[in-house]
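Next come the structures, one after another.
There are two complexes below, and they share chain A, which is joined by chain B in the first and by chain C in the second.
Now for the complex of A and B:
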C-alpha cells in the first residue's frame, strides 16, 4: 500500500473517531472537543508554515484575530448573517496575511520571527485603539439569535460540534492533499535546504509567500469559527499568548505531520484542564511537560510515532 | 567555425569592497562543449560561475543564454532556462530519500505528472549507479555518493548547460576515475562547464580550457595548448 493511501486512510480514520466521539463522550468533553477542533485548525494553519515550510512565525495571533474580527465586526456592526460574515473573516485574514507576508519575508531567520511578532503587536494595539468598535479587551458577544447558519442554531451543542468537525475535516483533508502536491513538496524542500531548492529552479520567495498567506487564511478561518461557535470576540485573542499557543501545540504534537496539530492541541488542552483542577500553578505543569517532551521526544508525539513505528506518517 | 553560443558573458566583473574578484571577463561557451575553468586558488572561478547562474549579482557586464539577455535575472529563472548547478560543497536534501531528492528536480523541470517524474527519477539514479537505494535518506550516503546524487539531480532536469563546481573535490582515487567517465558521458548530450582543481580530470575530459588568474582570463585553448602555455605554467602550475 502506498504511503499516500495509508495517509488518506489515517485521516479518514481520525475523522471517523471524532465523529463517534460525539456519541460516546459526556457533554462536558463534547464541548471541549468542539473547542479543540476549532483550535486545531489554527494549529494546522500554523503547521503549514512552521512544520512544512520551516518558517517560525511569532505573530500568528494577528491572522487568527483578523478572521475573528472580520466575522465579528461584520455581524456586530454590519448585521451580516454568519455565511457572508465568515467569508468576510476569510478575506480579512487573506489580506492581512498577504500584506504581512510580503513585508516580513524580506527578512529571514530570527529577524523574521521578530518582524512577525511586531506585526502581531501592531495588530493587537490597533484593535485596542479602535476600542469604540472592537470593544478592546472587554470584547463583544455575538448574540445567540444571530448565530444560526442555514437554519442550524450554532449555539446548540450538537450543531456546534458538527460544525467544528466539518471545518476541521475540510482543513485536514486539504492539508493532507496539499503536502502531497508538487507545491507541498517544494515547501518541504525549502524547509530542508532553501539554497538547493532555489538552485533547482524553484521560486523560493513566491512559495514562501503563498505558504504565509495560506497559513494566515487557515488561522483566520479558525478565528472566525471560534467567534461564531462560541459567540465572543476580544482583543485577548490577538495578544502574544495566542501567537505562542499554536507553536506549542505544533511542537508537542509533531511539526510537519498532518495529525500532529490535533494531537498537540488535545494534549495541551487536557493537560491544562487536569492541572488546573489540581493546582493554580497549572502553567508550571504545562511547562514541565513541555520541557520533558522537548528532551525525550523533540519531534513531538506524532513525529516520534513516525520515527519509531510509522515511517509513512504524512 | 560558426558554433552556436549557448552562453556568453561580456565584461563580467565583481568587486567585493575594494577587491576585484573578477575583472572584465569575456567568455563564450559553444553548444555541446565540455569546458573546464581552471585557475589557482582565489582566481575568481567560483565567483565567476556564481554570477553566471545568478547566485552572486554581477557588479558590471552582461550575460546571455542562447542569445537571451539574462543579466540581473534571479537564479531560479536562469535554472528554468536550462541550467543545472552542483555546489562546490555538496548540497542535497539530507532528510529526504534519494528518490525524493531527484524527484524534486525532475518535477520542477518536467511538470508534476507522477508517472513521468517516477520514470525520469529512476532512470537517472540508475545512470549514476544509485538505483538500489531509492528509499535511503540522502544524509546516510557517503560523501562520494552524495556527489553522485547531486549529479543525478542535475541530470533529472535534462539541462542544456550543466555547471559542476569542483565535482571531484574530496573524492577517493577510484571514485575520481568513475567520475571522469561520467563527465565524458554527460558531454555527449549536454554542454558542461566544469570548475576543477584536479588537472588529470581536466586534461582527460575537457574539450577546451579557460584559465583564470587574479580575476582575469589568462589563457584559453584546447588542453594541449594550455599545457604548453608559458604564462599558465608560471601562474598556475608553479614552474615559473
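Now for the complex of A and C:
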C-alpha cells in the first residue's frame, strides 16, 4: 500500500472516529470536542506555516482575531447573516495575512518571530483602541437568533458539533492534499534547506508568502467559526496567549504532520481543562509542557510515532 | 496654564521610565549579544525581582531603608541564580538553538508567572520607599522681570530622583565591568567568536550561564528600584518585556550603547506622548514602529549591518 493511500485512509478513519464520537460521548465532552475541532483548524493553519514551511510565527492571534472580528462585526454592527459574515471574516484574515506576510517576510529567523509578535500586539491594541465598536476586553455576544446558517440553528449542540466537524474535515483533507502537491513539497524543501530550494529555481519568497497568507486564512476561518458557533468575540482572542497556544498544540501533537495539530489540541485542551479544576494557575501546565517538549520530544507525539513505529505517517 | 511645567513633569516621569527601561533592556541586549538567543522570559525575571523585593521588605519588617538595601542585594542575586540554573538545566541542553530557545523561554515565562500566582497570589502589593521627601520644582518666569515661581502640583519626590541616579550608576558600573575587567573581556570574546573562545580555553558554557544570570539580575535590579513607585504584581512582566524588545531592536540588536540611547528615547517620548495622547495609541505606534524598523532597517539605529 502506498503511503499516500494509507494517509488518505488514516484521514478518513480519523473523521469516521470523530463522527462516531458524537454518539458515544456524553454532552459535556461533545461540547468540548466541538470547541477542539474548531481550534484544531487554527492549529492546522499554524502547522502549515510552522510545521511545513519552517517559519515560526509568534503573532497568529492577529489572523484568528481578524476572522473572528470580520464575522463578528459584520453581524454585530452590519446585521449580516452568517454566510456573508463568514466570508467577511475570511476576507479580513486574507487581507491582514497578505499585508503582514509581505512585510514580515522581509526578515528571517528571530527577527521574523519578533516582527510577527509586534504586528499581533499592534492588532490587539487596535482592537482595544476601537473599544466603542469592539467592546475591547469585555467583547460582545452574537445573539442566538442570528446564529442560523441555511436554516440550521448553530446554537443547537448537534448542529454545532457537525458544523465544526465539517469545517475540520474540509481543512484536514485540504491540508492532506496540499502537502502532496508540488507546491506543498516545495514548502517542505524550503523548511529543510531554503538555500538549496532557491538554487533549484523555486521562487522561495513567493512560496513563503503564499504559505503565510494561506495559514492566516485558515486561522481566520477558525476564528470566524469560533465566534459563530460559540457566539462570542473578545479581545482576549487577539492577545499573545492565543498566538502561543497554536504553537503549543502543534509542538505537542507533532509539527509537520497532518493529524498532529488535532492530537495536540485534544491533549492540551484536556490538560488545561483538568489543571484549571485544580488551580487558577492552570497555564503552568503549558509552561511545563513547553520546556519538557523542547528538551525531550521536539517532534511531538505524531512525530515520535512516525520515528518509532509508523514511518508512512503523513 | 503654560505648557512648560506640564512638559517638564512629563519629561521627569519619562526619565524614570527610561532609567528602568535602560536597565531591563540592557539585560536583554546582553543576553542576545553574547548568546545570540532571545529570552522571552526576561519580563518574568523583572517581575520576580519586584516580588522578591516585597518578600524581603515584608519579612525583614524593620525600617523600609534596611529592607530596601537588603532587597537591592538579595533580589538580583536570587533571580540571577535562578536564571543561571534555568540556563544550565534547559538552554544548555538544547544547545542554544534559536527557535527552540524561544519555545523553552516561553515555557519558562509561564512557569515563573504561574508559579508566582500560586505563591504570591493575584494581588498587587506595595513596597514602601526608603525615603520619600516631596520636592517642589521652581519654574522660571519672565513676566515682569525674571523670577522663579512654584506652580501648583509641579513637584517630584526624592526617591524618584534617586531611581534616575541609581540607574546611571549601575549602567556605568556595567560599562566598567564589560570594558575594564577580565570577566568583561571574556564575555566580549565569547560574543565575538564562540568557537575561538572555546579553543582558547574559555569555559563558554559557564560564561553563558553567567551572562544569562547577569541579564536576569539587571532586570530584577530595575524592578527593585521601581517597585516602591509601582506595585508588585504577578502579571507586571508583560510591559517591560515588550518595551525592552522595542528598545533593544531600535538600538540595534546586541549593541549596549545603542540600547541605552534607545531606552532614553523611548522612555522620554513614552512619558511625553502619554500626557498628550492616549497611552494605547502611543503603544500601537511604538509597536508598529518597531516592526517597521525591523523590516526596513534590521540593524537598528546603531547596530552594524551583518553582511
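Keep in mind that, in the parts below, the second predicted complex is superposed on the first by the 306 of 314 C-alpha atoms of A that agree within 3 Å, B and C clash if a C-alpha of one lies under 4 Å from a C-alpha of the other, contacts with A are read in each partner's own complex, and residues count from 1 in each chain.
Definition applied: contacts are C-beta pairs under 8 Å (C-beta built on N, C-alpha and C of every residue); 3 or more make two chains touch, one makes a residue touch a chain.
Source: prediction; values computed, not measured.
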item: First, second, both or neither for A:203, with chain B first and chain C second; value: first
item: First, second, both or neither for A:148, with chain B first and chain C second; value: neither
item: Contacts of A:295 with chain B and chain C, given as first, second, both or neither; value: second
item: First (chain B), second (chain C), both or neither touched by A:193; value: first
item: Touching partner for A:280 - first (chain B), second (chain C), both, neither; value: second
item: Chain B or chain C, by number of chain A residues touched; value: C
item: Chain B versus chain C as contact partner of A:181, first or second or both or neither; value: first
item: Contacts of A:91 with chain B and chain C, given as first, second, both or neither; value: neither
item: Contacts of A:272 with chain B and chain C, given as first, second, both or neither; value: neither
item: Residues of chain B touching chain A in the complex; value: 53, 55, 74-76, 79-80, 85, 87, 91-96, 100, 103-105, 107-109, 112, 153, 157
item: Parts of chain A lying in touch with chain B, wherever the complex brings them together; value: 181-182, 185-186, 188-189, 192-193, 195-204
item: Contact set on chain A toward chain C in their complex; value: 56, 58, 103-104, 106-107, 109-111, 113-115, 117-119, 121-122, 125-126, 128-129, 240, 244, 247, 251, 279-284, 286-295, 298
item: Chain A-touching residues of chain C, taken from the complex the two chains share; value: 38, 90, 93-94, 98-100, 102-104, 106-115, 117-118, 122, 238, 242, 245-246, 249, 278, 280-281, 283-284, 287-288, 290-292, 294-296, 298
